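Worksheet: one structure, shown below.
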Amino acid sequence: MDQVLVTAIAIATGIATLVLISLGLAVIFGMMRIINFAHGEFIMLGAYATVLSTNAGMNLWIAMLVIAPAFVALVGLGCERLLIRRYYGNLTTTMLLTWGLSLFLVGSVTALFGNTTRGIAAPLGSVTFGNYSVSVYQLFLIAFAALLVLGAALFLTRTRFGLIARGTMQNPAMASTLGIDPGRVYAATFAVGAGLSGLAGGLLAPVSGVLPNMGASYVAKAFVTVIAGGSSVLVGTTGAAFMFGPIEAIVSLISTPVIGQASLLAAAILLLRLMPMGLSAGFRRST
Amino acid sequence: MMNISRRNLIKTGAVGVLAAGVSPMLSATSVFAQGETVAVGSLHDLTGGTDVYGVPSHACMKMAIAEINAAGGLLGKQIELKTYDGQSDIKKFPQYAQQAALQDKVVMLQGAITGASREATRPVLRRYKVPFVYGTIYEGGLCETNAISVNTGSDQQAIPLLDWSFKNLGKKVFYIGADYNAPRNIGIWTNHLANQNGGTVVGEEYYPLDVTDFSTAIAKIQAAKPDYVHSCLVGGPHMAFYRQWAAAGMLKKIPIVSVVFGGGNEHMVLTPEETDGIIVAYNYFEEIDTPANRDFLARADKTMGASRPYINGIAIGGYTGPMIWAEAVKRAGSFDYAALMDALKTDIEWAGPSGKMVLEAKTRSTIQDMHIMQVENRKWKLLETQSQVRPFDFGGACDLLANPRNTEILVPKV
Amino acid sequence: MNYAGMNAGSLTFTASLVVVALGGPSVLDTFQVLQLSAYSSLALGVVGLAFVWGILGILSLGHAAFFGIGAYAYAILSIAQGESTFAVAAAILAPSVLAVCLGYFLFYGRVGDVYLSVITLCVSLILFSFMNSTADVSYTLLSVPLGGFNGISAVPPLNWPGFVGDFLTPEATFSLCFLLLAAVYLALQFLRGTRLGRIMASVRENERRCELLGYDPRWLKLVGFVISAAIAGLAGALFTANTGYVGPTVFDLGQSSQFILWAIAGGMGTLSGAIIASFMLQFLASFIGTSQLFNTSLVFGTVIIFFVYALPNGIVPSLQGLLRKLSRLARRQRRRPEVIGDSIKSTP
Amino acid sequence: MTLVVENLISGYGAVPVLHGITFRQEPGEIVGIVGNNGMGKTTLLKTLMGLLATKGGSTSFHGTDFANLPAHRRSRIGFGYVPQGASGFPNLSVLESLQLATVVGPGGRAKGIDEILELFPELSKYLNRSSSALSGGERQMLSIARAVIRSPKLLLLDELSEGVQPSIVEKLAERLVHLHATENIGILVVDQELGFVASVAKRALVIHKGRISHEISAERLSDLDLLGGSIRSSSCGSFST
């Protein structure tokens, strides 16, 4: 019994991590069709903001939940205004640009802080289920990811900005004929997307190695999740995370982690073959 | 850019390199060594994913060269250090190795820390007859006349560490490692040593280098109930294991031993709550309390500055490499390749910050003291020292005096 | 017949590659010869991508999969047989076969644009993790150990076909690499100008209309995809022959994005641009890595961002634009010499 | 609210479609634009709305030069746009579509949702339905309602009748005439269906190869329509395909 529970928690953690690391990318990709190569570095910046401000005496929770997303949202806004804005609609140029940005951010952080930074430990301790003990922080991450998805869904469906964002995403030209300035919506969305990546970085900071290159280990998985998810930011990304997370966790558990990772990628291939426009397009067609 | 005479000189040199088998007199190194300085190459990852290993090693190498130069140079010549940043991109290694050998005419090259970069670099240096000094801990089994290993193979670490662990921690071990060659080799050692010590390996798991979520691993270990965990997880993403392990409250329940922990300064990045009690084995750590080491650290503070990196068991190779090579050059009395290779046919002894080291002629690997130690509040505490641990010769398979043509990496068999 | 692709510019470019191929060895030193040979084989890899992306509109994020399979095929067969001719042939064939299967799966399944990119990326990442996990000695192919993360080293260079052990000198390899680059470039440029090439371009512009006109875009895409895979395989073989090493990182995201970014930097739709950009960026990365200016990533990242700012259309189109502007300026100067005065003499 | 267009040049990328359009529309007037496919009708509307860049010429509305204003600013000075094929926001519900149209206030007074449902009572049945689930005619109605809710002063209507049943087209035409009468909205109607244009507009401009070639009256348009002809059969006879 306890083994089932622990396995379930491991699977839920896999899903929660995928959701957290993908959401920011999904917002930016879903809205603007920009493949943000610097996504991993936004996560890294969030983790650094958390670690550095905690080490400077800030309360961990404030650092993680407020400072990290706010700081990275600002960085994102700056990047959008200075760099990205001029190249909307140009997939290739923005890829090149965000790749340059990614190297630039890794390089700057290394130059500023070196490649070894004192990290922070996970708070909240652990709980025991029978023979197993599990980190409470891990449970917190799962709950937080669920709340985040819920909050984002409410935000998108119940608020004025959510409506504007959805409208602009579907048809920016038509939205502009209704008085909406797509440029401003894009800037705000980019900042929100970056902020979500920063939040992910902040939340992962106590459970991962905080290093300038840490983004690289998240970016491929986030890409696969977001794009397999399709154009609908929330439904698609969460759906894809719910599909890939368990596949990887279960296959890793019964065979080896390499096969687990390969089966995640294979599942993505199969999914896209069956639903050539992504998961959420498949949902929409069936409803 | 380049004037004709220099180009001709280089071309002559290059032709000489190609013809070196026939006529060593013409070799590039001997042409260049007549100048005021000789060049030595440092090829480390100074940026990218593995810079955490490359940067401190390179810094130590710079320090060693500076000390040699300050002491009047080597054979009356100043040494110029040529630096190449491998950028954590394996493709760059053979290209920079070619550049070092053919264009910059280095008389020695050190670096290529990761196994893959080493394998990419080694054949190039062999072809162009540039001695390759390998300064890092690694999986063991390097057995080539041109490759001088001044740090330890995994056998030199794993044998003392696991013997100690089976004696002091219990008989059941769970082995978890990164999924590549070195950890897999160390996995073989773990099984081998479990057999020898009457222990059992209750689980063996390998994780790709970019995995960051270890909840399934932790569940598996908890299910297997080992007496201790032997971890060979490597690199930044894998630091997540120690965090998640401690967060699950396991650090105080099941001890961890490792031959790689701390090599990437994990004990500095992670917090004491996440690392206290982890046990490792290295030939060097800063806390060694000897006059030689205190003197070395004082000099390091001076040359590298206050913000210098922690010098761990990997980085120290950056310092010992040029020093032991310099001993060999002195013995040879020349920078000439053949003379150096001759000089290496007898053991070379040198005393460094961690004590006596002997570069064995038979294996071109180094006999040295090994220390078993434990993390305590971001510092190492010595548990036990085993003096003068020999490199494993694979049942006599590695004997470069008898079989100088071997270039293959030897793999232990259970 | 008027071949749109075969203009004076592309012929000049081909000719200059041939000149480098034949003249290079007598003016360059051995290191430069070796370095440029390695660069040219990566440049060859990017030409195929520039073709399939720029002309057919297929963005393959996993181009490295084909490059890597070619590289491994060459390494394994040349070690196993001690002869490189068959190894090169296999390095072209093996990725082509994969491309046929994958392409059939993708194009005939009508997988959408970005989604296609991600599938190709996944394939390449699967190969990456698989190759990484072959460290155990039991993983051998034709009795050559695959070597896991450490890869396969000491891969022999090219030899004269049929003459085992009679290796090409670095200079001969250099000439061969550049001649192959020129040949592939010319062939693709020629293909572009043919009827088939123009239909391929129209597939990129409007797949639907193309279909209504009676062409099968799926088939055309498959053909283009396989061509680019075959070229990438050849490039992989040449690269391995040049550096003597292959490891799993040939399959990683970094390798794939490098190809993509070179193609972008060169300018979308230009093959010569991709070649020029790949040489320039390889030189740059290598130079920064030895110059110890500052942090390599920081400098390289800044340079790329600057690139986008200064040359938003890529290197070759921007240079062409600049040339046009200059020639227009020169013409205007000629018309109004009184304003310019002496400076007109210095204009070539 | 006079619209003055002089020598307007525009097109897609480097390809010009409009080579110099000149016309004038008085406040509250309904003007039709007719012409064959590919002559630039839709391009003209898109350029006026700001969805395509103006490459040359001048455009002013109520004395304001708007050639350099982006689309959202044009919307705020009183332009309303009903696109071809009623393309809109397929994943928003009907209610959300209408709400979206009022989140950013127009220059003047925006109508309430109730007010607009009085004008288009058919929509009230579908308020919570996704707009992609509507029929062609209903979607056109939503499209008009979405533009009208912002109380525009000039409505740009692109191919309203395309793919919609004739009976519904008639109904839509009635509503437009009503709106025009009650609110004095100026309307620029682009359509292939000459009968529809004739039923709402007093005069129509014929666009040919990116220029206005001549003007015809509504009566003449309906004659042409009754003959089952297209404007090609016009007596001017200078048309070719």
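A, B, C and D label the chains in the order they appear, each numbered from 1.
Please note the rule applied: a contact is a pair of C-beta atoms (placed from the backbone, for glycine too) under 8 Å apart; a residue touches a chain by one contact, two chains touch by 3 or more.
Only a predicted model underlies this, so the values are computations on that prediction, with no experimental measurement involved.
Trainee: Relative to chain C, which chain has the most distant C-alpha mean position?
Mentor: D
Trainee: Could you let me know which interface, A-C or A-D, is made of more C-beta pairs in contact?
Mentor: Higher C-beta contact count between the two pairs: A-C.
Trainee: Please tell me the distance, in whole Å, between the geometric centres of chain C and chain D computed from their C-alpha atoms.
Mentor: One centre to the other, that is 49 Å.
Trainee: From the mean C-alpha coordinate of chain A to that of chain D, what's the distance rounded to whole Å?
Mentor: For chain A versus chain D, the centre distance works out to 42 Å.
Trainee: Whole-Å distance, chain A centre to chain C centre, using C-alpha means?
Mentor: 32
Trainee: Determine the centre-to-centre distance between chain B and chain D, using the mean Cα coordinates as centres, and give it in whole Å.
Mentor: From the centre of chain B to the centre of chain D is 74 Å.
Trainee: At least two other chains touched by the same residue of chain B: list those residues.
Mentor: Expected reply: 47-48, 179, 206, 208.
Trainee: What positions in chain C touch 2 or more of the other chains?
Mentor: Those would be 129, 132-133, 295-297.
Trainee: So which chains end up touching which?
Mentor: Touching chain pairs, listed by label, come out as A-B, A-C, A-D, B-C.
Trainee: Please give the residue numbers of chain B that touch chain C in the complex, ascending.
Mentor: Residue list for chain B touching chain C: 7, 10-11, 14-15, 17-18, 46-48, 82-87, 89-96, 98-99, 101-103, 114-116, 118-120, 122-124, 179-181, 184-185, 206, 208-209, 407, 409, 411.
Trainee: Within their complex, state which residues of chain A touch chain D.
Mentor: 160, 163-164, 166-167, 170-171, 173-183, 232, 284
Trainee: Name, in rising order, each residue of chain A that touches chain B in their complex.
Mentor: Counting only chain A, the residues touching chain B are 3, 6-7, 9-10, 13-14, 17, 106-107, 110, 114-122, 124-126, 128, 131-138, 204, 206-211, 213-214, 216-218, 220, 249, 252-253, 256-258, 260-261.
Trainee: State the interface residues of chain A toward chain C in the complex, per the touch definition above.
Mentor: Listed in rising order, the residues are 33, 35, 37, 83, 86-87, 92-93, 95-97, 99-108, 110-111, 216, 219-220, 223-224, 227-228, 256, 258, 261-262, 265-266, 268-269, 272-273, 276-278.
Trainee: Can you name the residues of chain C that touch chain B in the complex?
Mentor: Checking each residue of chain C against chain B gives 29-32, 34-35, 38, 129, 132-133, 135-137, 147-151, 153-154, 243-245, 247-249, 254, 285-286, 288-290, 292, 295-297.
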